[in-house]
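Below is one structure, written out as structure tokens; the observations come after it.
Labels A, B, C, D and E are assigned to the chains in the order they are written; within every chain, residues are numbered from 1.
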């Protein structure tokens, strides 16, 4: 049974900074929806969700997480946008023996070297994005690539992963240019990409950088010129910010698209009513994570972290986010990813009707083979 | 000299001896800090102490040399990286790890200071800002910082080989000890013959040159000292949170430390302690509230500049009670 | 003579320090009055208070029937008062010509540029050079000329001869006389007693922020003792 | 007025000299081809109308400004390229035209700041302030010599103008310089102070060289052994006061035709 | 094909042109900064926020009132100028008598507040703003495809920069402004309302920033962060040019834009720090900046 008469879940993410749209307060809303859908109670005790803004600062995040664990009886922390925060909180959760489920951060370290018996990675990671966009696009004929890469570790790993998949699938990487983080003007780089003659320009960056690059690519007529743009970390939230005029023709990978089937559409609309925006994979992933966590508690008959972690690894995931998802020993939730293309404005029939699903990438392909992840938990 | 209004200081009054009052204050303060973990969350306290030391080190430069650095995050975050790396990758014990952080920050301070002290006032601020931005980009791209992930799971290790710092009481009292030592060093520097020269340079630089002082060297020395002490705070923070990330080197962090100093009272020894306490509490509080942090921070900033430039401690010194107790806070124009 | 400026009970402060302690004086229309006094007795402060540059002041400053105390600084000139400061205040970022044109005309009847250039041929010659490149004397001429253009009724001149070669001092004396012929009222602060005695109608003697005496130029020789006491002449 | 100074018998030694000194500001030449010799144990006056370049010459000699041309020699060493603080350490001390004290330090501290350097206390950041008490005796003597003992513990900013000038002279003397450059030391002083400072300068000059800018001609006449008149950056006349004062060009350019 | 440093001449020309476009924004922004600094002695940290405000206002006008680019090009800068003027009048003004650092700290707080507010209201990912119909498409210049809008940015910013410079250097208003920086009290005693001029100046500077923002809206994502990303670079531009020199700020803006553009070709990793490196070198050789007068 529940240790202290209630189950408490903390949603910790960036609500005022650069990732506020990527997850933000809407993730909290998604968690609330999951609790409601579950019935508000588990094992007969109420489920409570609290939230905090870590302002993108790992120290603030770990301070809050500690306080939550130590003084507020929080049983698990989820969302955790941005890698530095996710890694820090996962390390802390490991020490405190509490569950953390990451839906907002991308780094594969979470289920690799820095994996934790209590840590789970739910929605996506850099690897799945790379496989989705890199592998699937080549199959669609995009076999020569040029990368615009943010000049730091995150960008490199996206570029490297994607490049590998491009090559594995018989494509070539004709070049890459590294741009500094928070570049405002991409025209120089775009011209270089244009003159490379590659069929696909891969944007191995994130956030405002990607948005600006896409917008300026439209201005320079890159897509009209016959080249494809592929954003490696981009969600519907950012597409909405760009508008279809600029984003049309863009290819990207997400773990969720609301307009994929009836069920997802229903969820999407409910979410939209509550938050004013359609969910992206972080929001839907958070919903799924909370739901699955509660299911695991119920199955385990206790909110004890060890028991719940065991159940989380055992239970299949079936909800609006994942079908037949499984959780690997390293904590990675393995589920299908979707290669999406942004519609032309005239193709869009309703608000937020933004994507065509080009391909579904099966979970087994999308995520790193747990045995090769470098996580100690797998071998033992 | 343009920096007159920033040159606040505590002045002992003649006749009535404020030493006793101050000693009492000091004793009470220290006792409170020793007992604080009984009432407050220790990690929060440790964070506060780190930032307080950071702000005091920053104030050594602003309040006593009249130089506004907009790039102190480089030393703070830089030291955090150095310490984290030394402890995690080289396996150094915590005390040596912190020393590596201090040395790294001092070196960085020497480089940035070399360029910055060539100009004064606003130019100085701009140059430190730009150079620290360069360092930020360096940290973003360098291998050892692990980019966005940061250096994680930094082991706290055993102090002097036998005090286990993973236990929070040990860690807290270690941090407190380092803090007290840091403050003592700052106090000593300010109240030393060297500090007297810094003061006189701030008051009239040309005159100091004409007396034969190599003003640039003194400024550089003060800059490096401030950077090194900032590094002490940064290295300690890396151990407290067991991580070092990009947020600590960003220019917003430089802004934050200015806010702490301004709030607490520029040119007061312990003002920054209160400023840091307020800012850290505010951030923690706002994290779980509806209010967006940046807006509040911005408004506090503006209000401070417009309404109480002396800061909390400065206003106290200047109040009737403060004066009675023997503090005098001179606000100069 | 009808008084144009009447100052009574003027007190002025710089922050904490009380500089003027109840100054009383009158300047008649078309009169040229000189304020004498040692360094630091408050002569400049008197002029600056009348002009409104020193804002911390009390008392009455009646100019052409209006009390100036409550008039904001930038409106004072429009009442017909012009100020030529001790340090001349030539702008280095402006050319001589721009300097000359800087103060807006506050009334009709000011001198035209041609008249000014006729009065100060040096300025014409150097009209395109940078204001502060002029010699001290030329700068002084420029500072005076600048005000003449605006059509003010009264000029406050602060030590126009300070540090100038006697030749130039002489020339400025001639200019002042010409101005007087045209009906200009002048309140002059001077250290150079010899110069002042040649141009002034009347003298005020200032000491420690107060008026210590007043006499017309005709009584000059009788007052030498007093001058000696107060000025050390 | 006449110069009533008996010059020393021994051949005076040149301690500071400038040759062909020139300084341009943009297109404007403030100082032009100035040759200057300052002698040990002599008071040398530099006079001239406003803007003649006197302060600029001071700034050049003390290296606060870099000359466009020319060389400067101090105690036999070429200092044309030396930094100002280095020059000061070599024994060239100056005062400023606009009084230069440390406004928020006490009179005592002002003097001690100056004393700290020769006593090597300045860089000691590990010692308490009480280490400075070692300088008190010396400082107090200097303070007494300029008559500031009543204001010993006053904040410099609260001193009257004249007192500040005196304090500045005390700090300058604290450096125990070999050459003293004083920019209008009597400006703004009352009669009594003028007399006292004159006395101090006369005293000081027994052992040192003094170069001073001064507008107070009676001081120049009674105190100075040698006068150099500058005009528009160039030397107009040189010699003892009597010679210079009779020079018609000097009278026209500076003293005026009417009286001295 | 002619090659320059291993790059085809044509591509080289293209990159030069692109650098110039970037430089247009630097020039416009540093111009405003230089004016505010030159006349008010205030380092306007809020300049980035005002730039962002301009872009956001353009977007708000379009999305809420259907007001398009061309009217926005006038309305948004005017609105920001008015806001700036109001801030100067009520708050900034009290700081003139203090150390200039307080002006910097105040505007820093202002920037945080404004940016925080927009982030709170509109999120961080930004808003779309389409290129005005009249300026869509591009021209093939032979060596590159130049979007017409970018051509417009260069031309228009040049006109604005030169116009502003002419106003400040060559008109009566300009001479009041310049004189007021040297000796505000004296200028006031001549009968000129200097406080009003200062308000006007701050308004002008803020308006220029907003104008740059409107110009940027169709090129860059309209985001609350757009200002803070660019402002530090612009500070460096102003330091290199020499603070307070208006023409210096303009020329340096264009020059550094080009320098940065070329770095993006030859050594892209360094393109964000090249301006800081140039700044360090300039400071070593000419501490007052390329066009600055020594203080």
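The rule is simple: a residue touches a chain if its C-beta (ideal position, glycine included) is under 8 Å from a C-beta of that chain, and two chains touch if they have at least 3 such contacts.
Model, not experiment: these values are computed from the prediction.
The minimal number of chain-to-chain contact steps leading from chain A to chain D is 2.
Number of steps on the shortest path from chain D to chain E, with steps defined by chain touch: 2.
Taking the mean Cα position of each chain as its centre, A sits at the greatest distance from chain C. The chain with its Cα centroid farthest from the Cα centroid of chain D is A. Note on chain placement: the centre of chain A and the centre of chain C lie 77 Å apart, centres being C-alpha means.
The mean-CA centres of chain A and chain E are about 36 angstrom from one another, to the nearest whole unit. A separation of 34 Å divides the Cα centre of chain C from that of chain D.
Each chain gets one centre point, the mean of its Cα atoms, and the points for chain C and chain E are 44 Å apart.
Shown for chain A are the residues that touch two or more other chains, namely 16, 151, 180-181. Residues of chain E that touch chain C in their complex: 172, 175-176, 178-179, 181-183, 185-195. Listed in rising order, the residues of chain C touching chain E in the complex are 51-53, 73-78, 83, 85, 89, 91-94, 98, 101-104, 106, 150.
Residues 16-22, 24, 151, 177-185, 187-189, 191-192, 195, 207-208, 211-212, 215-216, 219-221, 237-238, 240-243, 245-246 of chain A are the ones that touch chain E when the two sit in their complex. Chain B meets chain E in the complex at residues 2-6, 68, 115, 118-119, 121-123, 125-127, 129-131, 133-134, 137, 141, 251, 255, 258, 262, 292-302, 304-306, 309, 333. Remark: chain E residues 11, 14-15, 18-19, 21-22, 116, 119-120, 123-128, 130-131, 138, 144-145, 147, 149-150, 218-221, 223, 225-226, 229-230, 261, 264-265, 268-269, 271-273 touch chain A in the complex.
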